[in-house]
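Mind having a look at this structure? Questions to follow.
Chain lettering (A, B, C and D) follows the sequence in which the chains are written, and residue indices restart at 1 in each chain.
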Amino acid sequence: MSSTYVGTLELAAGAVLLSSVMTLWRRGVGSLVSMLRLQGLALAVVAIDLGAHERDRALLVTGGLVLIVKGLVVPALLRRVARRDPGSRESNPRVNVPSSLVFAAALTVLSYVVGTRIAALAPGVATDLAPLGLATVLVGYFMLVTRRRAVSKIVGLLLVDNGIALMTFLLTSGVPLIVELGSTLDVLLVVVVLQFLMVSMGRHSRTERLTEMKALHD
Amino acid sequence: MTVYLVALGLCAGGGLAGALAPRRHRVWVASLLGVLGCVAALVAAARTLLTGARATYHTAQILPLSGLSLSLDPLGAWFVATSAVVGLATCVYLVGYARHGMASRTALAMFMLFLLTLLAVPVASSVMSFMFFWELMALSSLALILSEQSRHGDARSAAVWYGVMTHVGAASILLGLLIIAAGGGQDFSQLSAQSTMLSPTAKGFAFFLVLLGFASKAGAVPLHVWLPKAHPAAPSPVSALMSSAMVALGVYGIVRVGVDLLHGGSVWWWVVVVLLGVASALYGALHATTSTDVKRLLAYSTIDVLGLVLIGVGAAGALRAVGLTSVAQVAMMASLLLVLAHAGFKGSLFLVAGAVERATATRDLDLLGGLVHAMPVTTLVAALGAASIMAVPTLGGFSSEWLLLEGLLHGLSAASTPTVIVMLLGVVAFALTGGLTAVAFVKFFGIGFLGRARSSGALDATEVPPSMRVAMIMLSALSVVIGLAPGVLVTTLGRAAATGLAIPDVAALGHSTGLVLAHLHGAVAPFELLGGLTVVMIVLAVGARALGSRRARRVDAWACGRDLQTPRMQYTATSFAEPLQRVFADVLRPQADIEVTHAGESRYYEQALLYQSRVADVVESRGYRPVISAALRLGRVARRLHNGNVDRYLALGFVALLVVLVVA
Amino acid sequence: MAVLAILCVSVASTLVAASPWRPWTARVGVVASALILGLGVQLSVATTSAPQWALHHSLRADPLSSFMVVVIGAVSLLATAFTSRTMAQEMATGVTTARYARHYVVLMQVFITCMLVAVLTANLGVLWVSIEATTIATTFLVSHRRTDGAFEASWKYVILCSVGIALAFLGTVLVYYAQLHARGPSHPASLDWTAVMSVAHHLDPNVTRVAFALLVVGYGTKVGLVPMHSWLPDAHSQAPAPVSALMSGVLLSVAFYGLLRFRAVAVAALGPGFPRALLIVVGIVSILLATVMLIGQRDLKRMLAYSSIEHMGLLAIGAAVGSPLAIAAVLLHVLGHGITKAVLFLAVGEVSHVEGTTEISRITALLSRQPALGGIVGFGLLSLVALPPFSLFASELAMARAEVDAGLWWAVAITLGCLGIIFAALVRHARQTLMGARGDAPARALAPAPSPALTALLVGALGVCVALGLSSWPLQSLLLHAAHAVVP
Amino acid sequence: MGVTSWYAWASTLLQVAAVAVGGPLLMGLMAKVKARSEGRVGAPVVQPLRDLRKLLGKERLHARHSSVVLALAPMVILASTAMAVAISPLVSTRPLLSTSGDILVIVYLLLTGSAAAALGGLDVATAFGGMGASRAMTIGALAEPALLVAVIAMSIQSRTSNLGGIVSATLAHPDWVLGPSRLLALGALVIVVIAETGRIPVDNPATHLELTMIHEAMVLEYAGPELAVTSLGEAMRLGLLFSLVANLIVPWGIATRPTALALVAGVVFLGLKAAAVALGVALIEVRSAKLRLFRLPELLAGGFVLSVLAVVTGLVAR
């Protein structure tokens, strides 16, 4: 077991979680997208590192796919959306930044507790890092709940997705390729759909903040 | 069983004919098939009642995942017979009534379906079969209540009340039955075998659950609220069926589950049944005296009579539980006979109400009067019905009430204190009810049919078509036969009661026509009574003739010398009941509004004075309304849960995720 | 063979529908659905003896799948039959153009295809992918009308469902992980159903427990179970009626099908206790929520949506019991609910065309003014509240029996109590909308009543519900076979 | 059988005849007692019988809007009362048809008579008829239950609901007569009898003041033979109730053996006992004022409670 493999894996997995926590910290839409790109890249590194280590060609392909979709395409799409509304910031989150960070810490602890139980089935370098993935999922979800802007919500959704992807790589070295392909495609499509909706809604309704729409209620 | 299945088939055919046959023929075709179906059901029921043989039928092809099970035993056959007799009369009645209403496809189909379920419920012998027909009965009667909804606005609210109460009741029955069925299996025979292994608590729980549902169907106070709304709203043939056949099935259910499936249980179950009966009898009778709507009066009187039936059933159950089986059988016989007699007199009275409504376009007693001149046959039937329900000796109501009193009196010698106390309460309720019923039906007949017409509708009334008259007379005749010769029914009645209570058939042996309770020192011979009465009447009539003056001279009423006599000066139903209403004001809580319109500027001269008085159902206004408004408030508050904020929805999921992660 | 034929029909119809909008393209879906229904029936007959495979074991049909195909076929037949009418109406009122009509037709076919793939795939991962794909297709269908409300609904829908279904993916991944490291006989690791089931008894309980919990929350989102139900009323009320019919009638059940499969895995690995507890809690909470929301409901479509939540809650409790009788009843319920709910959504769609609103307080005397439509809504509601002779009565009663047999009488008690309140609420709403004298309401008819053929179709569908509720032949054996596919 | 047969026939006919003649005489007696105690001479005791004879000779008059009910009601009143007399143990414990009915038959026969009277009142379509009917039925509704329960109280001790049986059992157990149950039942019966026969303080049989009339208002439109039949019916009802109370409380003197002498003795004793009851009731009438209509329920409820207490006491003392 080469130390580069281990070091890279730990570094990249750490980067995934770190970037997700950073998204809670930063408010500007632009920096959110940057964090997301960083995360996508780190995720690709995890996949490729694992693939190289286990000589798993499917995983290498997946890594490439992740690199293209999550590292490049999705951030680019989001940046285009962000550019329509330059300088926008998540000015008033439902939970303020310091509290969010405390929450993130708590969520990480929880995912550590749950994750180690999961990892206990097959202890190993990769598996032991699984809690990081779960933490990313939870932080992403937390972001979804507490951030008001549409872009932030999409970013939160992507964080959840990236976290799951990280867990997939770490625990199982990737699910069967067809499933992986399908899920990646789905993520892409969801982003496209969301973007389409944001744009259409922006055109149609004069609601300033899309996520605050409450016309439909009982 | 074949005959019985044919009966069901004929009713179903009637329904199809009603739905599909061309307009000109559908009424009589449906009625004919209905009549034939009822006759077949009567034959099947009579065979079971006479031989005591039990017939069963099972098929897995009908009703998915459960199958259909039917079983005809003497107890069920008694109720089948009751339903069939009323069904027979109402089908005949329908031919004439259809020109007035209920001629639509849906109404006819639903009517036949209703009839079918009435015949099927007492025979259904598995949880699924029973609930299927039970709910179908509710559904079809609900549709029938609504069949005149565009004419009677009250029908909608009545239907909601009825639908909800019967559905909740059915849910309660279902849960109770399922608890008995928890060991697997759903046939009543299996349930009966399994229930011996249930704990007393579980049995009691199951019994009170089913009691809730069945008592509500039987119109027991305080679960009666739907009844005075639904019966008036339904077309008269339907009210007749509902009041005399459907409501009785609630009683059937209590006996079937309490005795057959749960083997009688403890005395306390039946004490509760008697208490329900006592409350119903008194409350129903009291409200009947103050009601002015003919059908509402009859509906409350149904509550009253069913209360007496429940007293009988409860007494029978309690006496059975303390070992006095022969007295228990008498009480049960009384209940069963009262059910049949009630089918006769209340059925005919509801048909009378329909005839009156058809002839006068009103059901308000305060607007009726003088129908005796225009509608002699209807009046005669009304008189017989009213007399029977007042328990005038030699009529149906009397025979059954006599049996009931005998049962209660001999039950007083039981050794168990709770039993004696409820018997005593039963006797007291019985006595009070008798007097109140008399007031109600003297009012019904005296105000509605005698005197002078109080509205143009009543003035222009004409007699109803022959088929309606025949139907009314048929049901009247039933009550007269029960009254005059209860002895001929005693054997079958005793068998049905004994099967119902699962005890040996010992108690009553009729001698020719009367009732003699050999070991209980009681006897009544209505035929001889009628003979005596007739002799006296003939003597009087002959005597009057002998004294000369054959024809009476018509003169203006004297009325203490008052010159002007208008119909408006007669007592109305409201004023007739006013003294009694005042006596029982604490229970009835009548509401009166006085509205004064002053003439011009003056405060002293009144131009018009509007006085309104009405008696609302206290149980409804104090017991049900608060619950309903609380539920509506809850609904309003709950709407805030879904306030349109997507963050809140996401947060819900997030919390759920965290909880699940912690738990897993 | 039938397996492949079904997918071919579906894909082909999608391609045909993708040609530029003509009135006839709207009918493609009807033909396709009818074919699917027919093939589904044939498949059910074929699979009673043994499961069928296709495309190198990537497609698999057992009685459960074929039953779901029948449900999809039946409901989509109803929904697609209304396509041309809906499009014609929307074009007449300027809501839609030919371009969007084409989108609509194609997306409907994609939607149906995705659901078929979901039930016919052998792979639990592909099951997830195709259910996620339905989200994308239906998002555009929900926003089809392009109103503020439609966009808002589809926005909420896609956000909530994406995150929910992502959790289901995580659960699937964990099952795969557990399968990789399962003790016991050596086996190829894949998410193939037969492979998973063959080692299900050896899966690690800790991992499987977390996995199943995530799956319940995740698939529960699409099923519409509390707490992830919130998208459902909005989406159902804003989508065009046929879309709501399909979503409520089958999409929820297809997601539930996923849960049924994973429940079998979880029961094998964990024993019945944990899955049962989880499903019962979720089911009862769903029913409770639906109950309180239905009491004060003001909109017909939202009312139907909440009723779907209630029925899904019932299914969850039924699945929790998991005896063959319970699962058979659950499946019968799926079919009955699918048809009934589709009929109701379509009928209410017509009501909204005719009346211009679906607000309960603004509609009255429908029965006397529009007897056919009012009658369909009325009988549909009777079916929905599970009165006999409709099949929902038989299935609910069988579920209740199974539940009490399993010792869950308290759950039945709560359920029955809630059902009573729901009945009261629905009857009250029905009283407002359906009953009343003709003169009570202004005589307005913004659109002509549906054609006799469509009316007959809806009546026929209700007739099918009655037939299913009356006769057990020949469905009963199929139901029991299907139940045994997920009950060991 | 032959012996008992003539005895049963004879006792029945004797009873009916005795009550038919005795009822009016009792009314006359009470009027006489009242008159004397007020210092007047009063009409002779046989005056009611004379009135009947006079009425029978008059023309039949029917109100214009009345129906056949008007003519039937008096006959029903009389027939039901006569039937009740025929099966009650008045002269002997075993009159003919005594097994055809029991307490319930008698109470419901009386109720039938009240109902017929009320219907007759309603049939004439005047305000007074309705008023009388309404009031009489209200009082009846409260009084009949008390009567029924009071008799039931006695039937509990003797374990039969047959009145003849009750009387025979009392003869066999003289100690019952002064028992608490019987005394309570006696109190109830007195109230019921006063209400049922329309005496002060419930109703004033002599009044024609419109606001206080009860029974008189009902029969206001009757004339000639029909009034005679109605009055006779009412008188027989009074006779029956008085004799019944007397026999239930103090049964001695009633014929128990099938001999002519016993029957004659029975008639004599019955007359004496009924006269004693009439005297008592007349004294109550003299000493009290008529109650307001809406105070009556209190009195009648009191009667009902007494009868229920009698049952309870009977059960406890058993």
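Quick note on the criterion: a residue touches a chain if its C-beta (ideal position, glycine included) is under 8 Å from a C-beta of that chain, and two chains touch if they have at least 3 such contacts.
Just so it is clear, the model here is predicted, and its values are computed rather than measured.
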Per Cα centroids, the chain farthest from chain A: D
Innermost chain, where centres are averages of C-alpha coordinates: B
Which of A-B and B-D has more C-beta pairs touching across its chains: B-D
Mean-CA-position distance for chain B and chain A (Å): 69
Rounded Å distance, chain C centre to chain D centre (Cα mean): 77
Chain B-chain D separation of Cα centroids, rounded to whole Å: 35
Rounded Å distance, chain B centre to chain C centre (Cα mean): 43
For chain C, residues contacting two or more additional chains: 155-156, 159, 163, 210, 233, 293, 296-297
Residue numbers of chain A (touch at least two other chains): 114, 141, 144, 213, 215-216, 218
Touching two or more other chains - residues of chain D: none
Touch-based graph of the chains, sorted into line, ring, star, complete or other: other
Touching residues on chain A, where the partner in the complex is chain C: 114, 117-118, 120-122, 137, 141, 144, 150, 153, 157, 160-161, 164, 167-168, 171-172, 175-176, 178-179, 182-183, 186, 189-190, 193-194, 197-198, 200-201, 204-205, 207, 210, 213, 215-216, 218
Chain B-facing residues of chain C, complex: 155-156, 159-160, 163-164, 167, 209-210, 212-214, 216-217, 221, 226-228, 230-231, 233, 274, 278, 289, 292-297, 325, 328-329, 332, 368, 382, 385, 387-389, 391, 393-395, 397-398, 400-401, 404-405, 407, 409, 412-413, 416-417, 419-421, 423-425, 427-428, 431, 435-438, 468-473, 475-476, 479
Residue numbers on chain B that touch chain A, as the complex places them: 638-647, 650-651, 653-654, 657-658, 661-662, 664
Residue numbers on chain B that touch chain D, as the complex places them: 289, 369-370, 372-373, 387, 390-393, 398, 401-402, 405-406, 409, 412-413, 420, 424, 427-428, 431-432, 434-436, 438-439, 441-443, 445-447, 450-452, 514, 521-526, 528-529, 532-533, 536-537, 540-541, 544, 547, 549, 551-560, 562, 565, 567, 569-572, 575-580, 582-583
Complex interface listing, chain B residues touching chain C: 60-67, 127-128, 131-133, 135-136, 138-139, 146, 149-150, 153, 156-157, 159-160, 163-164, 167-168, 171-172, 174-175, 178-179, 181-184, 186, 631-632, 634-636, 638-639, 641-642, 646, 648-650, 652-653, 655-657, 660-661, 663-664
